[in-house]
Every structure is written in C-alpha cells, then in structure tokens.
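Some structures are shown below for you to check.
In what comes next, subunit A is part of two complexes: it sits with subunit B in the first one and with subunit C in the second one.
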Partner chain A sequence: MSVVREPDTTTTALPPPRSETGAVGWMRANLFSSWYNTALTVVVGAVAALVAWYGLSWLLIDADFSVIATLGGLLLIGQYNTEVGCPGQNCFWRPQFILLMVSTLLGMAWVVAGGGLTKRIAITVPVVVALFAFLPYGLDRMGWDVRLLLLANLPALLLGWALGRYTLLGTWRTVAILSVGGFLLALVLLRGIPGVPGLQPVSVLHWGGLMLNLLLAVAGIVVSFPIGIALALGRRSNLPVVKLLCVVFIEVFRGVPLITLLFMSQVLVPLAFPENFPLNSLLRAAIIITLFSAAYMAENIRGGLQALHPGQAEAARALGLPGWQTTMLISLPQAIRNVIPAIVGQFIALFKDTSLVYIIGMLDIVELSRKFATTYVENGMLPYLDNVRELFIFLALVFWIFTYGMSYISGRIERHMGVGER
Partner chain B sequence: MLNTNTTLPRALTYQGIPIWRHAQVIQWTAQIASGFLVVFLVAWFFFNIANAIEDREIPYGFSFLERAYQTPIGQHFLPYETSDTFLYAFGVAAVNTIVVSIVGVILATALGIFVGVARLSGNWLVAKLALGYIEFFRNVPLLIQLYFWFYIVLALPPVREGYVIADLVYVNNAGISIPFPFSDGLAAALVWLAAALAGVVGGKALHQRLTEREIDTGQASYPLVWGVTVAVVVGALAWLLISFVGGGAPLVVSEPAPQGTFGRISGGFTMSGGLLALLIGLVMYTSSFIAEIVRAGIQSVNRGQIEAARALGLSPMGTLRQVTFPQALRVIIPPLISQFLNLTKNSSLAGAIGFADLTNVAKTMTQTAPAISIFILIMAAYLAMSLTYSLIGNLYNRRLRIASR
Partner chain C sequence: MSTNGHTVIDEEIIVCRDVHKWFGNFHALRGITTSVKKGEVVVIIGPSGSGKSTFIRTLNRLEQHQRGDIIVDGIELTNDVRNIDAIRRDVGMVFQSFNLFPHLTVMNNITLAPIKVRHLPSKEAEGIAMDLLERVGIPEQAEKYPAQLSGGQQQRVAIARALAMQPNIMLFDEPTSALDPEMIKEVLEVMRELAASQMTILAVTHELGFAREVADRIVMFDEGVIVEDQPPDEFFNNPRHERVKHFLSQIL
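The block that comes next holds the complex of A and B.
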C-alpha cells in the first residue's frame, strides 16, 4: 500500500464520486434513475432495438430502391422533358438554368449576410446539386451536357459571390429584386416563348415532379405572406365593412379542406370567368393554394398582434407616429417576430399541401410516383407492389429533408432574433 | 389651421381639415371602395356563371337530390343501395367523414397525449424516441403516409391465405375483420343504449353526490361502489327487460368467418384497406401535432406548482394527473380543437386511397349532377362541421375559464 496523500479538505472540495460523472453518471441520471425508469429503459430499448434491427435489415438487404432509378428524372421534373411535354428537343437545360440562377443568388446572399447560416446554406445547396452529376445512372435523357450543367452550379455560386463582393449588387435590396425578377424569368423560361428556337412552349400540364412542388411552394409562400398580413390587419381594423369582408374570407377558406377547394377550382372557377379568360389549371391551383395559406397566415399574424402589449402602439402614437407607421414600424415587426414558429409552420404546411394537386390531375412528385408505379406494375416492369413501399419511403425522405430544413432555419432565426428573451 | 382654411375651397375640407388628410373621410372612402370592389367582383362572377349556364346549357338547381344516385359507395356506415337518392348518398358520405373524424380524433388525442408526455420524460431514451416520432410524422405530407399504409395493406396476402388471430380477427389484403356488436332490431338496440347511458349518467351523479357528502360529513359513503353498481344494475335490468319483451338480446356480437369457396369474410366488421390506411395515417400524422401541443401546454405550467405538489408528497404520476395536466389543459384546448378540425378536413384525402368520404363522393357526383349545387352543399357541410368544433371549443374554454381564478 502506498501512502495516500491527504487532500487539503480545508480549501478544496472533494471531486464528485466516479459514479456521478462521465458516461456512467449520465446514464444513471438519464436512463436508470429509479427502478421504474430502469424498467422503462430496458423495455423501450428492447422494442426499439428490435424495430431498428428488422427495419435496418429490410432497408439494407431486402429493400430494392431501383424503382427510383427507373423513374429517374421524372421524379425531378415530371413529364417536362419527355416526348409528350417537349417533343423533339432537349428541354432539361431550362430547369437546370433556373438552378444556376438560384446558385448565383445564393452566392450573393452569402456575401450580403456575411457568413453564418446563410453561408452554410449557400454552400450546401449548390454542392449537393453538383453532386447529382456523379450519379451512376442517367437521369432522364441525362447526357454529358446535363452533367456539365449540374457541375456548373459551383462556378455559378462563385460568380454570385464575386458579383456580391466586387460590384455594387451586394445589398439586400438588389438580392431581393433579383430574386423576384429571377422567379418571373424562371416562369417565362419554363413556359417557353412561341417562335423562339430552343424555347418551344411547354404546356403547364406537363410541368411536374419535385419542380412543380417547389414552384407552387415558393410562389405560395412569397405571395401568401403579404396577403395574410393584409387580412390580419383588416380583421383587426375598426372599419366594419373591411373587417366583415376579412372575417368571411378567412373563415370560409379555413373551414373547407384545401382538396375540396382545389377540386372546385377546376369545376367552378372556369365558369366564373368569361370563356377564353387566360387562367390555366396550374395558375388556378396556385391561386387557391396561396389564398388558402393566406387565410391561415392571417390567423397566425393576428395571434401575434393580439399578444402584443397595447403599450407598444400607445407609445408609438404618443411619439407622434401616424397610424400606418405605428403598424408597419412598431406593431407588425414585433408581432411577426413573436409568431415566427407558427409562420414557418404554415410555410411547411403549404409545402406539404402542394402534394394535393393530384386532385386536378397535375403530376407532382407524389402523384407521378403513384401513377407511374402502378403503370409499371400493370405493364410488368415492376413486380407487383413490391417496390412501391421503397418509393414512398424515398418520397417521405425527400419531403422530410425540405421541411426539417425549414424548421431548422426557423429555429436559428428565432434564436438570432432573441424570441422569448427580449 | 386657419391658413389651410383660407387657401382651400370649403368643399375640399371637412371639419377644417383637407379631406385627403381627414382620418374619418379616408377610412370611410376605403371601406366604401373595398365594399364596392368586392360587390362588383361577386356580381361579375355571378354574371359570368349565369351566362355560362345559359350559353353552355350547364345544369343547376337542387332537383337532382331526389333522383337515384345509382353509383356504388365503397365502405359505408349507413345502409346504402344504389337506388337511394343523391340526398341520402350525400348523407351516407357525410356520416363516413364524421365517423372517421370522431374515431380519428379519439385515437389521435390518446396517442398524442402519450407521445407528448413521453417527450418530456426524464428518461433520455423515451424522450428521444418521442422526439423522433414527432419530427418524422409531422414533416412528411399526409398523402405520402396514406399511400404508404395503403400499399402495405394491399401487399398483405389475399383473403384465403390471410392471417387469422384466434379465429376472431382476420387480416388480409381486403382489410381487417373484427367481431362487432350488431342488432337485428335497431329500435331495441337504441332503447337499450339509451337506458345504459341513463344508468351511467345516474351513477355518475350519485358518485358526485356521495363524494360531496363524504367530504361534508366525514362519513364513509363508498361513492365509487354505489356509482358503478347503479350503472351496471340499470344496464343489466334494461338488457333483461328488452330481451324478455322483444324476444331477443338487443345486441349480439357478430364474429367474422370465412364463407364459400373464395373464403370471403362475412359477419363482424370489416375495415377496408382504404379506411384502415386512412385511420392509421390520420392518427399518426395528427398525433404528432397534438404531442407538440401537449408538450407546450405542460411546459407552460409554472414550475412552482410541480415542486409544491412533489413537496406535498404526490407521486410523479399523481402530480402529472392532478396538478400539471388540469392546468395545462387551459393552454392545450384551443390549439387541440383546431387540430381536431384539421383532422376532419384532412380526412378529405381519403379519395386518394379509395375511401368514399364527403369530398370523394361529391367529386363523383359532379359527373352526373350540377357542380354548382354540389359545391354549395359541400361548403355548407364542412362549414357546419367546423362551426360545431368551434362551438365545442368555446363552450369548453368558457367552463375552464370560470373554474380558474
């Protein structure tokens, strides 16, 4: 036995016992704190391990994800580049060009934001897109040109970064204006211009795949937000006519399922406009989805306005701000900041709801998968229903990445703005 | 102020203020303008619809409701024949939606509360599993989940090779068949149900009365024993009486059994693949939202309340049941009601997996009936449902608020 040096108990405390620190201590505190918790951990752990074992062995050994390769580019852009949608031409470059615009804008946003989360998003998105160029199997008609255009997203990002860094374009205002302009340009590009070589028109009926979901979601989010604010302010205003109109609008749109509205937009809305009024089915769907989302958005923002202390508006009025400035500069920014989670939740709901356009016959990524899967099954190209599960798991994962990404960003924005702290 | 008065003609001022700067004038102009705009738009739509009806000879009106619908409805909870009228078929579809909503709401609430409480568990493993459940099912579109469950049911073995559990439950690609109470005479069953309900209500009232007496006088009054006894005795007496008078039990349990050469399951209650997938999908999707609401509600309760309850010697479970949860309910109920409404509206996705809900049947009806009238009917039906939910929510809210201090 060696001589144990006596610790100086008068000045330093004893270290906690080994069983209270480190991994053992953590497990004692979080998994085995009582007999009840120990039993719970053992039972739940066993069930979870069993499920994980069978799930993983199915996923890694039995599951056959080749159906995704079979559908390939259809999942991304639907029938846009098929003989039906774009006969005799390769139209894949158009959605790809839009991706390049997005990468450039992300590069500019990176400079403007000066790092942080924006930088990470700006780098991640183009890199992931560029990685698609190395897929072993061909996306729909995927030749070297398609792969090169995918790779070009990296130089596009750098171009955007350089534009933001070394020219006068590096401000939020220009990025915002360019984004709106870019979105409109994207729509024109996808639709095509009659008579222009290489820009042969593609009917909106053939827009599809993930592209359609993203287009509807972006348009819906951007447009429904201001409409929602207007509706919320209208519902809180003390002008009886305006208030009544807003209440009726909000309650009617919130009371009926989106799918019913979408379906009726195909049957009824054409009747409500003169014949040959320029409203195609995609536009009708986009308008309905936007208005539906705006009604929910209005209620979220109204909640934020109601939660605001009336002293804020009173102080603003006391300082001499006119009514609309009180609203725009004092009430609304605080109200919106307080309900960011609800607003982003509504954006997520809108993105998920874009899968409902199946009811009007549009082939978004979900409906396209279902339809083509059953067609392939009927034609004997797939064994009966065997690969459909894999397909829908893949779709769930695709949607999950986008929606979880959105809620992650929302959490970051919340923390950045100090929600609940100020 | 005098200056503005002298430089402007009197007609352009109101109460001495230029009219384009007078708040009231601006407000009223805005109201009248927006009112006119909306009236104009609505009138224009009506004009166009009226034109379309006339020019393109589009049918309208509600006379079709008396006609026979002549289209089969997949699974239905009310008896239905193809010779029944449109009106009745619409009612059958509405009942389908209502039944799915009620069952879905009950199951989703139970599962949601369970997951929400698990999310706050001190057990790391349980909390993380609950978090994973919530984050996954909340973030994947319901439609994808419905398809997934639907194709799982479809991929089950066919009827003759299906799974049989204890000769009572049959699981195959036509759905799940379970034993279910049925009655030959609907009247007898309804009378018995009413009597049994009365027994339960009476027993509950007695229980409350005896509890109060026990608290007031301190004498042991056995409220639970008496309450349960009254409920059971009333139900049993009614059962015997109806069996004696009506010549048969009011309800008999019908068990599913394979029949014929094809082994089709008859008897019991068969949940079709569409209904099954719809219920599983709706319940899992909605419960993930409810779990988050429950978590937020529980977290909103002041920590001091929980500490006080523990200091008084309540067990963790007792604290949750008698202190935390009743207070959390006040925060939970309003968003919970809106989730119920969401579930009801989301059940309209049933059409995608072949279950005949209100929207799906209405969609089929537009092929043989005027779309405008169908649209009005379906709007009215869904608005009635959402108003019912708001009414229940408001009533409940009011009760909670009076109870609060």
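The block that comes next holds the complex of A and C.
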C-alpha cells in the first residue's frame, strides 16, 4: 500500500540529514569508528610524527642547501659555459636568448588564445624566469649581463604581446611556424657556427643539466605525438603491409627497455656508417626517446579510437565525408580528447626518462648531480658528499614542478573540453 | 497521387535486384527485389533480426551486399569509391542512436558536411542550417552541444544534419526507438512534414500509426526476405500472409 499525495499538496523540500558534521564528527566517522580503526590511526599517527620530527629537525638544523647555489649554472646547463664546453668565451647568453624567444612566443600565444590558461602560462613563465635575476649571488658569480638578460624576459613578453596584437603575426598558424622555427634556431644557436665571432661551436657532448632534459623532452613531446597518431592509424589500417609495419614497430619499441635502446643506438648504429662518420649522439638519443614515446602514444590513441561508438564514423560516412576526413574531423578529435590523461601521463614519463641519457655519457641534471656529489675531488676530499641529500631533494623538486605543471595544464584542458561531460 | 496524398513520380529512384548479404555464415538478406519511386514514402517493418535495418544500410553502403544489384538515383553501387561517395551525398540517413558528433556544436554538426563535402562557404552553410533548425523547431539550440539537448531534440538535429546535404532520399533507421514516448511525437511530426514535402523516404519503424497515416507502402521483412508489400489499408485490413497477421497481433 502506498501513501498517495495529491500533486498540489507538495511536501516541503527537506535539507539532507545532518549526520556526522563538523571536525569531531568527521574524525569519529573516519578515524575512530572501531577499535582496529582507532589502533591504525594511533600507529600511523605515531610513525608520521616520528618521520616529521626527524625530517624537520634535519631540514631545519643540519641541512645545507648551499650546494645548490654553489653548483648553480652547472645544474642548469651542465658544462656548456665552462672552460671545457666553451673555452675562452662567455656562452651563457645563448640559452638565455632562447628563453627570451620563448617569452616572446608566449606573449603572442596569449593574444591568439585570448586569455584563459594560455594567458596564465604566458605570464607565469617569464615572471618566474625574471625573478632569478634577484638571486643573492655576488656580482662576480652572476654579473649584470646575466641579470639583465633574465629581466629582459618581461619586455620580451610585452614585445610578443604587441606583435600578436598589432601586427599580422597574431594567428595560431604564425605562432606554430615561429615556434618550430624558433626551436631550430635555438639548436643552431646552442651548437654555434664555426667562424662566426661569439658563436664558437659547443659540442653536444657538453650540453647538459636541466637544459638537456628540457630539450629532449620538448623535442620528444612535439615529435612523438604526430608519430604516435600516425602509428595508431596505421595499426588500424586495412592495408596489411602498413598494419604489419606499425605493429612490428610498436611492439619492438614497447618491448625493449629505453636504456637498452639508448645503448644500442650508441653501439649498433655506428656499424651502419663508415668509420669516423660524425654521428651526433644527442640527436640519436633524441630520436630513440621520441620513437620509444611514440610507440606508447600510439597505443594510448588506439585505445581512444577503439572506445568510440562505431555510429560516429558511420554517421560521418553517411554524410559523404571521405574516410580521411572522417578520421581527422570526427574520430581523432574525440579519441584524443578521451585519452588526454593517458597522453599527458606519457609526456610526464618521457620527461622523467630523459635522465636516462646518462647511459650514453651525457650529463643531464641528475647525472651531473651524482657525479659532482661522488667524484669531484678537491684537495683529496669529496666536497659535496655530505650534501647529497639536499641535492637530490632539490632535483626531486625540480622534476616535480615541471611534471605537476603538465598535470595542471592537462587538467585544465580536460575541463575546458568537457571530458566526461559531453 | 498516392493513397496518402504524396506526389509520386513514376520514376524509380531506388532499384534492388536479388540483393544478398551475409554476416559470416549468417544469411541476413536472402534475395531482396524491390524498387522505390520518387516521392514515395515506404515504411519497413518486421521482427528484430529480420534484415530490415541491414537492408536500408546497404542502400548507402554502410553494409556491403555480396550479390545482386542496387541502383540508387541512377548510380549503381559497386566497389567504386566515387560512386559510393556520390550516393552518400544524395542519401541522408538518420540513426536510432542519433550519432550526433558530441565534440561539435549543433550548428557545426549541421554545417560540417556541406562545408567539407559540398564546399559551401561557411556563411551560406550556416544560413541553410538555421533554416533547417527553424524547420525542425529548435533554432534556439544552435550553439549548444548535443549532450545538452533532449533525445527528441537530438534526433531533430540529426534530421536537420542529414537534410543539410540536400539529399533526394532519406533513410530512417528506427528513428524513434531510443526515445521516451513524449519525444516520439515531436520527431514523427518532423518526419510527417518531410513526407509531405515530396521527399523520398524509407523508414524502418515500429510506429504503426505513423505508417498507416503517412506511408504509401508498407514492406514487411522476415528472415531476410520481403513477405508483404502493400499500401497501408491493404496491409492492415487484408494481410495476405499468416506471418503478417502474427506480427501485427504481437505488436498491436
């Protein structure tokens, strides 16, 4: 038997039941709801307190982070601007000039995107870079030239903004073209041009530090994404040869550890070339990292394509759209949107994997730190051995800032595209 | 003039001769021979698995037939991709599950094919789209995304999207089966209006009221063959086959 109500005698809408509210209620429900829950809370709380006590007392009393300041530029660009990499000259302005190009491009992207996330990134990056101009080093270690070039990122941002706003350069197409051109220019600038004053060549073996990680990551991300898309489409192709090639490529690169691939690129690839052929080991590393990432990317995107309702492609074909337009306009945008978290996860993995180039003797920020902490001998002493903890905590923080940045951007893009809603 | 007041031109726009289709070992269409005249409204009914959806999907090559001939609007359906694309431009299709593109607005759903396939300027395509949205009664939804619309509204957008290519033939594959009862009406209303505008229509549907009122012919499929093909009055009042009587008794 039901209680039947007339529609017009509507009952008052009631607030939800006030069960366990407030901090005490929350604790009672979540921490002390039963005897074993209470025991667990006490044990975990005690361990956490111990860790916090020793951690904090080390951090506040014993820790000496001066090692980071001492290493400074080495962590950023490795031996690039040392007597080894760039003898008799100052080469520090080159990576700094590249930062100025990045700030200018960000200014243009800000105008083109018209605000939102792009604007936030466009402002944050140059401002943070410019803040480094105020590091409390003596002028003998960090001269006016270095500081001014850092501060110049702010006018560079405004320049880019003005170019986007008041010239014909303010379109995505020009920003994209200038970005690619800028990246190639950056490589030429870092490499140097023989015979040109101020641009003396610096061997790629001396490119290092965070700069090396970032170069490999940016190149890897930008190039592996389209290759991954092509491989994913190829693996679903009706053409047996294309499909087989893609499957073999993907399975080989996913099936072999990255370290092994990097190592093989150094010891096997030279066999295919004449003796003394000038092979670029950085380029080989970049290619290997890119292809490795592309193989994973392909499977992520294939997963996204697989998850699409077949009716989507059918509807597009029924409208007379040819197959490639159906893929480019209907299937791929939806597939990629649905697997953004996996794609960004792959980008983050790629960024962290760049530190594996130590296997081929390149000094990225991690390997550099390890070497300095353990092998740099001064007066028969290992001067930084006592500060290994500080150094690696700093490294963890650096990696975390970049990877969290990527996570944040991906989260914003997901929300913007309404993933899981539309 | 046909029984339901459509101007039917005595010119066959769809011709099928002995069409067969297999899914693996399953013989889905077992020799379909039929034709449809310009302006005719044909309703196709039949139990599930009888091949009725498969049949209309062969007409724009969403399914490939393996034997027999299909000629649509003077073009024979072969493996020639140009023929297939030409027929698809000429034949609009509406699906049971709408299949709107969820990443595009209603407006972009409708203008996509006219711009990309017919190469219309986007202003012109948008004009056509607005006219069609007026026609299906939801011009105010143009800038929304499909997921923000009700099922009935989505299906009306899907009809507008198909009409934007200015097809000569419209195929409906159970257009109301996924809808709540109160939304079925608004979709049938649009289809009724379309039928009155001399469009050639093939519709797979279980809406017998609609069939009785709008169809020139009702075709019944069972086990991959056509078992009945009659004007509505004959079909309902004087079915020739036991199977039709049985089917009608089950769903009426």
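Worth pointing out:
Note that the second predicted complex is superposed on the first by the 354 of 422 C-alpha atoms of A that agree within 3 Å, B and C clash if a C-alpha of one lies under 4 Å from a C-alpha of the other, contacts with A are read in each partner's own complex, and residues count from 1 in each chain.
In this section, a residue touches a chain if its C-beta (ideal position, glycine included) is under 8 Å from a C-beta of that chain, and two chains touch if they have at least 3 such contacts.
From a predicted model like this one, the values you see are computed outputs, not experimental measurements.
Between subunit B and subunit C, more residues of subunit A are touched by B. In the superposed model, A:I348 makes contact with subunit B only, not with subunit C. Residue contacts after overlaying the shared chain place A:L40 against subunit B, while subunit C stays out of touching range.
Of the two partner chains placed by superposition, only subunit B is touched by A:F392; subunit C is not. With both structures placed on the common chain, the touch criterion links A:S179 to neither subunit B nor subunit C. By the touch criterion defined above, A:Q200 reaches neither subunit B nor subunit C. Once chain A of one complex is fitted onto chain A of the other, the partner contacts of A:G320 are limited to subunit C, with no touch recorded for subunit B. Those residues of subunit A that touch subunit C in the complex are listed here as 309, 311-312, 314-322, 325, 329-330, 333-334, 337, 417-418, 421-422. Interface of subunit C with subunit A (complex): residues 60, 62, 85, 88-89, 91-93, 95, 97, 99-103, 112-113, 116-117, 145-147, 158, 161-162, 165. Against subunit A, in their complex, subunit B makes its touches with residues 23, 27, 30-32, 34-35, 38, 45, 48-49, 51-53, 58, 121-126, 129, 135-136, 139-145, 147-148, 151-152, 154-155, 345-346, 348-349, 351-352, 359, 362-363, 366, 371-372, 375, 378-379, 382-383, 386-387. Listed in rising order, the residues of subunit A touching subunit B in the complex are 30-31, 33, 37, 40-41, 44-45, 48, 239-242, 245, 251-252, 254-260, 263-264, 267-268, 271-275, 323, 348, 352-353, 355-356, 358-359, 366, 370, 385-386, 388-389, 392-393, 395-396, 399-400, 403-404, 407.
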